[in-house]
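To keep things simple, chains are lettered A, B and C as they appear, and every chain counts its residues starting from 1.
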């Protein structure tokens, strides 16, 4: 079950520069490309002529040319031309709303008029005080399992013990609160040593990496499955997350989760950084480090998914640390019910 | 649904020289080998003793020796001997008619007495004026999709744009006609430049590769799924397909399509060439070039098949260019109905 | 259908030194590890918190720490601790009896109190007159097919023709007899040349590898699926299997077959050798040779399994050479019926 009337990340902006991209989203094979103005378009990846995937074709003058017999498809899903044919009676294929924002192509799989304002606000977009880097993983697990994972960072101590995990995470309770459709899970640690990843960030920021710090994790879920996590460390006693910029290393972990099928997902991960934004080498280094850390979750989630498929009737525990995931799933369930009712 | 009472190519003659070959044909695992006279034999690939695949065994004196316990199987599907056993009561396995012709082993999957005269006539067999080369691809798509592909060469402009495709194909309408069970789709182009593949052929034939030419494509379908395509170029104004041999480069594209399952096929492709037949290097070069060109269809057909499986209810268009495929499928449907009625 | 109340080999002792091991046994994902005394433990590989596989975690002080959120699992399947949580109400997961013997960890998948005396007696364990070496193969075939394979060594002539096969095996009838739940299939050959593997063994033992020998194969099946085969050669006329140790090369082929699913198995193979036991290089050499020989069965069994799945209604033959397998399957069927009745 997927929320359909929502913006999902389909691909990176670069993925459709000059060529189409085929990708299954919410169980539907879609093709993404750009129109003559460079704006993104999304269609069923199915040529109305003989069912060939349009994504194997080419872009020409903002049209998508089927790679099999040259049918020319427009952005609205209507055939515009075909060599030696009149195309007026050709059936249209489904088009989906698509917009570009923050280096991503976003798609709205549902019907109806989507609201561009419903896109998440990303503070770092077109903001020179920030730098961004990220990547994409395909994971054979349902997207809800990733929501659980990210709304409970206790797992860092175990899954990411050599980079961002540290015992103080376990020892510091987290708090979950709900504000409308938004779910927050927060944890604040005081007077600790920074773990290796944050020591690297402190050095990059010009801070003493052996200094005692305050550390924070503020996870924020918004539907359908977007999670932004404010993370960082500040020199002890300067206000933590509210410390002046030169006393802290502050970032936002970016997690846009797009279901591929009920048991697989496209996981767009990244980090927006509010220190040393011009340092491209640092951006690359942070991306490499984050990519390695996040890859540690893959096997765990895929094998957790396999276990849950084998034992579909087992009830799982919902502990305090699971509050963020539990509340996020409640929001998802409410949205799904609203969509079901509207149909 | 497969036409069963027809000859299909099972493998190349060389494939069963000295050893058996296992291959699934029309959904049935079969084993092919040679009897004591070197003639081909075809059986269910299933040892009546314990179900081992006979194709993992060895040939000895025209018998097939099971590789598990040494059961000796004859060409009729009857067990001939087994170490330390009386075999009179062993159940027979199914045998299929098989013949050798034109460098291929042909099998008749149906019951009843097959007609050797029903084999397609191949002009180049045992004919020193011709040369032949070809290969085999396994494709995860139903054989009907390849029939469509080959009975409509419009796709050359798009799928094979760097070798045999050219815009004039699109611009020249094709004609489809039906003669009994045979379907023809023809296209004749006049006063054009030869595309790269045919320029190579003209050079090989001693013709000026920059000369203006006439070009032809005459596709001929015969059931169950054999397609021979007369192709070539002639110096302009010498009669096109009927020009004297020294004024043209003339070939037959050979396509024997054997269903493996409902959604996969063995695709035997090749080219019979009526120029420079003694030039073995040219034969190899043509084969390499053709193999590369035909490999460009594989992903398209496999992903088209995946699309059709996902949307089984979508009606496809039947345009003028699709006439060859449409008519060929009608012949297939009529043959299938005849077989169903006979049972 | 599996016999559940029996000891199966789960893994080698070394496999759980210092870390847990996940393995599916009789269709159930299990995790194996050692308690604080070094004794083996077996549990469902399913964390009661969120369903993560416990086998991705770590061992600490005889407890199994879940690699996702640090839940601490004890050997009885009860959660012992979890950071920041009270765990008294956590549901237990299933624990299985496990023992260590002969270099293996054995598991009892059934309920009830298992009998350690039900373990097979292995003469070579803790016996300096013997040496042992072996390995593990995963095979996509039902375990019954391997029982058939091992209780009928006629196949050696065909599958293993270059190592232990020889025509005299075919020519010498075997005898099958049943003693309670134990099935024996025996073959005694006299006055023959040793095949390559046994020539190697004779050289190692200091015997003339060209000498005429007597050879024996005594297969012994005990439920659920353990097969020990006494094999060897003795200089002719010294009593065969009963010849003095210095006149023969005597071994036991060890085959512990553990079903993974209905159509796949873990196959623990090895050889216990009663000559030159201190010669570690010989142990390694025998293991390499045996591993190569046994790998020759893999494709045959996997493709036999595929054939049987395709033709589930075909009756297989039961010849004299199949007597060992037939009788062993009768024992299995009787045990299964007893278990079904007890439930």
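In the analysis below, a contact is a pair of C-beta atoms (placed from the backbone, for glycine too) under 8 Å apart; a residue touches a chain by one contact, two chains touch by 3 or more.
Keep in mind that what you see is a predicted model, and the values were worked out from it rather than measured.
Undergrad: Please categorise the chain-chain contact pattern as a line, ring, star, complete graph or other.
TA: Chain contacts: complete, every pair touches.
Undergrad: Give a one-word verdict, same or different, on whether subunit A and subunit B use largely identical residue numbers at their interface, taking over half shared as same.
TA: The interface of subunit A with subunit B is built from mostly unshared positions.
Undergrad: I'd like the angle of the rotation relating subunit B and subunit C after CA superposition, in degrees, nearest 5.
TA: Nearest-5 rotation angle for the superposition: 120 degrees.
Undergrad: Go ahead and note the Å separation of the Cα centroids belonging to subunit A and subunit B.
TA: 48
Undergrad: Where in subunit B do residues touch two or more of the other chains?
TA: Answer for subunit B, listing residues that touch two or more other chains: there are none.
Undergrad: Going by the contact rule set out above, which residues of subunit C touch subunit B in the complex?
TA: Residues 148, 152, 154-155, 157-159, 170-171, 173, 299-300, 303-304, 306-308, 310-311, 314-317, 319-322.
Undergrad: Help me check something: in the complex, which residues belonging to subunit B touch subunit C?
TA: Answer in residue numbers: 29, 45-46, 48-53, 56-57, 65-70, 82-85, 90-91.
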